[in-house]
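You will see two complexes here that share chain A, one where it goes with chain B and one where it goes with chain C.
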Partner chain A sequence: MLQCPRWLSYPVLTAFSLIVIAPILFLVLSPFWHEGHISGLYLQELILSTRQLGLLKTSMLLAGTATSLALVLGLPYALLVERTDLPGRSLFGLAYIIPLLIPPYMQAIVWDSLLAKGGWIAELLPFLIGGPFEVSPFWAAALSLSLAYYPFVTLLTISGLRGIDRSYEDAGILHRSPWSSLSRITVPLAAPHIISGALFVFIFSIIDFGVPDIFRLRVYPLEIFIQFSGLYDEKAAVALAFPLLLLMAGLVLIQVRCMKGRSYVGFGNGQRKNRRFSLGRAKFPALAFSVFVLCLSVFIPVLFLIRTTGTWAIFMDVLVSSWPEIVYSFAMAFAAALIMTVFAFFIAYIMERSPSKYRGVLEYMTQLPFAIPAILLGVALIKLWNHPVTAWLYGSSFMIIIGYVAHFAPFSIRVVLSSLKQINPHLEEIGHLAGHNWLRTAGRILVPLTRTGLLTAFFIGFILSLGDLGISLLIIPPGIQTIPIKIYNFMHYGAEAKVAALSLALLGMQLILVTGLLTLYHKTTPSYERP
Partner chain B sequence: MIQVKKISKYFGTVQAVRDVSLSVKNGEILAVLGPSGCGKSTLLRLIAGLERPDAGTVELDERMVSSRAEMVPPVFRRLSLIFQDLALWPHMTVSENVAFTLSRNSLLRSEKADRVKEILRQVYLLDLCKRYPHQLSGGERQRLAIARAIASNPLYLLMDEPFNSLDMLLKQEMMDLTMALRKECQMAIIYVAHDLEEAAYMADNLVIINHGKVVWSGSRADMIGLTKGDFMAFLRR
Partner chain C sequence: MKTLINIVFISLLLISGCTEQNQREVVVYTSLDQLFSEPVLEDFQDKTGIKVKTVYDVEASKTMGLFNRLLAEKANPQCDVFWNSEVGRTIILKNEGVLTPYVSPSAEDIPAQFKDVDGFWTGFAARARVLVYNTDLLEESELPESILELAEPGWKGRVALAYPLFGTTATHVAALWTHLGPYKTKKYLKSLKANDIIIVDGNAVARNMVVRGRVPLAFTDTDDVNVAVQSGKPVKMVYPDSQGMGALFIPNTVAMIKDCPHQEEAKHLIDYLLSREVESRLAFSESAQVPVRDGVATPAHVPSYSSVKAMVMNYEEIAKNMKEATRFCQELFVR
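Take a look at the complex of A and B:
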């Protein structure tokens, strides 16, 4: 197998280490280093104290509940869309992406109002249940997180289901009922993807800052933020988070192992379309379930935002006054997504072509950053880059881009790596045998064949960067705001209409952009990629 | 007895199978020969009930099981199909692969375990019963595919070029095993191949398909005079 040329791998790995790995190293070593010496000052903080244990318990409980809810919503939704004759499945297959455009803090703003005393749903629930009923902040936070993140379960499950060779299911239905075949063959074969999706939700939920802040839940990210921004003690903040970091490191290891070498993709005889099972009488309950999921995650939040905004004049007023922040946020997210995608392509290529003994370590190291709470990563970035030598960089918008790349690059790498794994290495070798250099072979063979993966990586990087609050909040240069920060500030001033109007504007623009990108993608899809 | 009557199947505008008729009696092997992409696999999938025909019918023991209007689910046809890629379930062990095909039968757990053992002994895989498909050699996988196919005592067995990737010796062994099973179980077998000698060795009857149509059919006696040149001539028609 061909290996990555050194002139490429060395600079790329160095840049990756500086941007992505250095903050993690700082976090790991920081509690042991005090005033230029190895110190045990914060050592006692590393051991699970009662405070840490309490935080860990609440954080895990919240993330666990959000993950369970996300599985309840996302898994059946994926199975219905991908494996049944659900009416309108093409529409449902696209619509579940919309919640990805609604950042979790936005879901939290909506559900906080709806479930609080006097909220629409809080008023409605006792009538439906037939008695007094109150949703606690914990459950409201878990619901908000699950509604924001269930698309990850759906997305990964659908990807897993599409990878299953049709003949496995055909072999099943020759001997067993469709239901048995679905539960004993289809779902277990997609299990690594389902587990991976669930782990994504768990990790995202446990490191989320915005949602627990809105519901005033004392979880790890919030406490770290208070420790850092309230008491200006970054070492204590890192030491406090140490058990969480260890837990995250373990979860990422499970996640990486879960997907490793378990592609479960067979080599069929040209049967590309997957089998769809007939729902029969269950068609209408299944349709109702799918509509219900979309109602909770899209229609209700959007309707609420429209109603809270009030008038078109308020919407336009907020839109015009926030235009500089909107342009800035889109520019930062676009630049970060572009850099992430290029980075992801090179890193994924280096990983795929590395000797297998290094590949596992590389894969783990590239996935680790996304498990670091954004607030903590922000602290590490400040301490690392806020030096006289790098002051020119620290005070500029590049810092925001570095922050987004450091936090969200693992997703782009994962997506591009999956795409690269699908490509037969012989295709590239033939290019080299024909006398083309690496750049030309990559440009003419690898990039066109990983086109879908690269576009997906860009899309995910863009959306995640645009919705980020945790990192931006800490490392934004003075005098500048991103839209999430502006929404966050409005929220703390109690300007509900402005929060709703700006959230709507953000959502609308993302929708327009995504629709444009999807249309462009479908129009330019080459015939060999069409099913 | 399997009877296929004037069956046709379209995929979009492409007609994969055109007015094909054939029949196979119990205890007989019918070989279906033809070049790649001629519709052989689609024909088997139509018989198995994995595809709905656009015209024509499939009858099993004079009971209509497939037509444009009506389809008996595959699970109720008492047939098995050995796929070209074998389609062994990768998350199940050798035993589980076989046992999964038995569960719809009203067998007790102990009876089922005995049946799995019996079948695996028959194909010399009993010692490997706890292994996963990826831990088996090529020949062992083929034997597992056969074991899985015959475990539920099917009346009809459809084989889609199952021994393609095997070397000559292993292929011979598998063909002998199939013929022994035919004799023992009195199954009607349709065997898709693209090698004339292989077909002549195993089959009682032969049909040659090209562009989705039957271009020649005959018995073993008719096959004797058939040369590779004749076979090529049929494919050029």
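Take a look at the complex of A and C:
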């Protein structure tokens, strides 16, 4: 099996350790260092009270429910768009991205207004059901989170489905019905991607307290935030994050066990058009399902935003006055996403092709950062980078890029890793036998074959960076603002119209970027390969 | 691809902030809303030629982002002036060794209760903790005279309060802790909890619940109510306990950071912020801040500090009680 040359892998691993791993290690070890000595003082925070255990249970249930709902919505949607003759599939294939471009708290505000007493849905439901009906805070929060994050499942599943070798499905269909082939062959082959998508939903649902808070549901991350912001005890806050780290370690273990010994490799990667199954009589129910998903996740929030914005004049006013912040935020997110994607490619490759004992360590090192709340990571970044030697870096916008890479690179790595699992290592060996060095082999074989994954990783890195508040707030250079900071400022003094207008403007611009990326994808994909 | 990389790097170099070498500048972190603080800081820049570089905080971080940033940057300070929209955390920063004393000549006529005895911080332009009510749902005659009445059965499930763990609400609880004593405060908070008080995410959310008629009454700050009143929402405010302990006033505070990079410029900015001109300007803004000294020009809807019954407080005592009060509220309300 070919491996990344040392002159390349060592510098990449060093840079990754410095930017991503060092702040995490610094944080995780900080509770054990008190007043210049090794100390177990903060370990007492790990003895959770009954109240804290209750909150942790609520968080786990909420994240589990939101992830299950996201799978119910996102997985069939991806299969319908990518593997069937669903009418209007190109439109459906673009529209599902929109919820990712609307900040989750905006979606939560929309659903809170609709589900609360006097809200449109709260009034309609008893009429439809024929009796009193009230959506509990738990279910409202779970619904809101699943509608905000199910596109991760769809996006990654589509990315996975595009990398599947068609000959497996062709072989399956000789013996079984198309639906049986889809469920027994296609879906399992896309499992790494589906699991990654579900993992993303789980992480975002368990780490966020903003959305549950809007529905007045108390969750465990609030405890960490109170310790940090209410009691300004950063070490105790980190100690309280340990149960989430343990949970993440458990998830990595389950993931590794589930995928152990299985191969997702394709032998004819992307050489032929993917198979599309005819829906037949199921066409209309499938269409109704897709429209229903989009109604809940796209039409209702977007209509709400348009209605709240009010007039075109407000929209233009906000757009013009926020233009510098918009350009700055886009530039930072773009640069960070680009660096993350390059990082992700090399790190994922090193992980996938390294001996299994190192792979296990890398699996944990790249996934544990998921459990660290952004605001704590921000403090670690300040302490690591705010020194006279690195002052030139800390006071500049490069710090923002480093912050975004530190926080979101693990997500990009998961995406690219899922794609690399589908690449046959023999293809690289063939390239090597043809006399190419590793870089040329990677450029000619690996990059083209993983381009869907790389574009997906770039896109995810970009939108996560663009929407970040926790990191930006702590390390933004003086005199500069990002769009989320501006939106939150508008929110405080009740400028709902401006918040909605800015969200719509951002949504529009990100859609333009997505369309650009898709065009790039189509232009770089030979026509015989295009699904 | 090469062109793309070049564009990205050139943009980054431009963005990385190549400022004019000789221009004087001052770095200020402020937790007062950008809408209100930005025009004041721009005026200072225009008048003095000193470039102001600002970092704003947001409600989502419970205006604690900058507080934590200042603590984390203590070893190598980047900020010159901290303009806090409240007082409790400024005192904590003083105790943590983040601040340095500076007695501004502009603060001479500011009453002593709004100044640190050692000059570490100075208060100006205060907000008050008030009750906001929906005029479509409540008559003036139905309003409570004291916040203590809100624990009575008539208000069950009809009152909203921001998390008493952050921001001005935490300061308010710590003030009650100091004024009424821990026993009475705990009893009062437990009664509020038993009376199904609705705990929400921030003062702006509490106000919005009243604006939308989801509850008739809520605890909030004067600036939050005034923004809603100015935009024509059916709400008004009442200063509670005018016959009893009085309403809590929470001043803005300004302080210089220890070992800050631009000390002279920082002093200029502090002098300007503590001027009567700025207090008046903040009173005329939508935030309707109450000047802490008499004789400052204000609009009709902003009362003078001496015309309202104010809770007489030692802010150092409030800061001392903050952690204990916060821990109690965490146990009581976060479950």
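In this section, the second predicted complex is superposed on the first by the 370 of 531 C-alpha atoms of A that agree within 3 Å, B and C clash if a C-alpha of one lies under 4 Å from a C-alpha of the other, contacts with A are read in each partner's own complex, and residues count from 1 in each chain.
One rule holds in what follows: contacts are C-beta pairs under 8 Å (C-beta built on N, C-alpha and C of every residue); 3 or more make two chains touch, one makes a residue touch a chain.
What you see is a predicted model; the values in this text were computed from it and never measured.
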item: First, second, both or neither for A:438, with chain B first and chain C second; value: neither
item: Touched partner set for A:299, first chain B, second chain C, both or neither; value: neither
item: Touched partner set for A:481, first chain B, second chain C, both or neither; value: second
item: Touched partner set for A:473, first chain B, second chain C, both or neither; value: second
item: Partner chain in contact with A:175 - chain B first, chain C second, else both or neither; value: first
item: Contact breadth on chain A, by residue count: chain C or chain B; value: C
item: Which superposed partner A:230 touches (first chain B, second chain C, both, neither); value: second
item: Which of chain B and chain C A:32 touches, first, second, both or neither; value: neither
item: Chain B versus chain C as contact partner of A:185, first or second or both or neither; value: first
item: Chain B versus chain C as contact partner of A:214, first or second or both or neither; value: second
item: Interface residues of chain A shared between complexes with chain B and chain C; value: none
item: Touching residues on chain C, where the partner in the complex is chain A; value: 8, 11-12, 15-17, 27-29, 33-35, 51-62, 64-65, 67-69, 71-73, 75-76, 78-79, 92, 165-166, 170, 198-202, 204, 207-208, 211, 213-214, 224, 227-228, 231, 286, 323, 326-327, 330-331, 334-335
item: Residue ranges of chain A in contact with chain C within the complex; value: 51, 54-55, 116-118, 210, 213-214, 216, 218, 222-223, 226, 228-232, 234, 328, 331-332, 334-335, 338, 375, 378-379, 382-383, 386-388, 391, 394-398, 401, 469-470, 473-474, 476-481, 485-486, 488-489, 491-494
item: In the complex, chain B residues that touch chain A; value: 41, 45, 48, 50, 73-75, 77, 79-81, 83-85, 87, 89-91, 100-104, 148, 152, 160
item: Chain B contact footprint on chain A (complex, rising order); value: 165, 167-168, 170-178, 180, 184-185, 188-189, 191, 264, 266-269
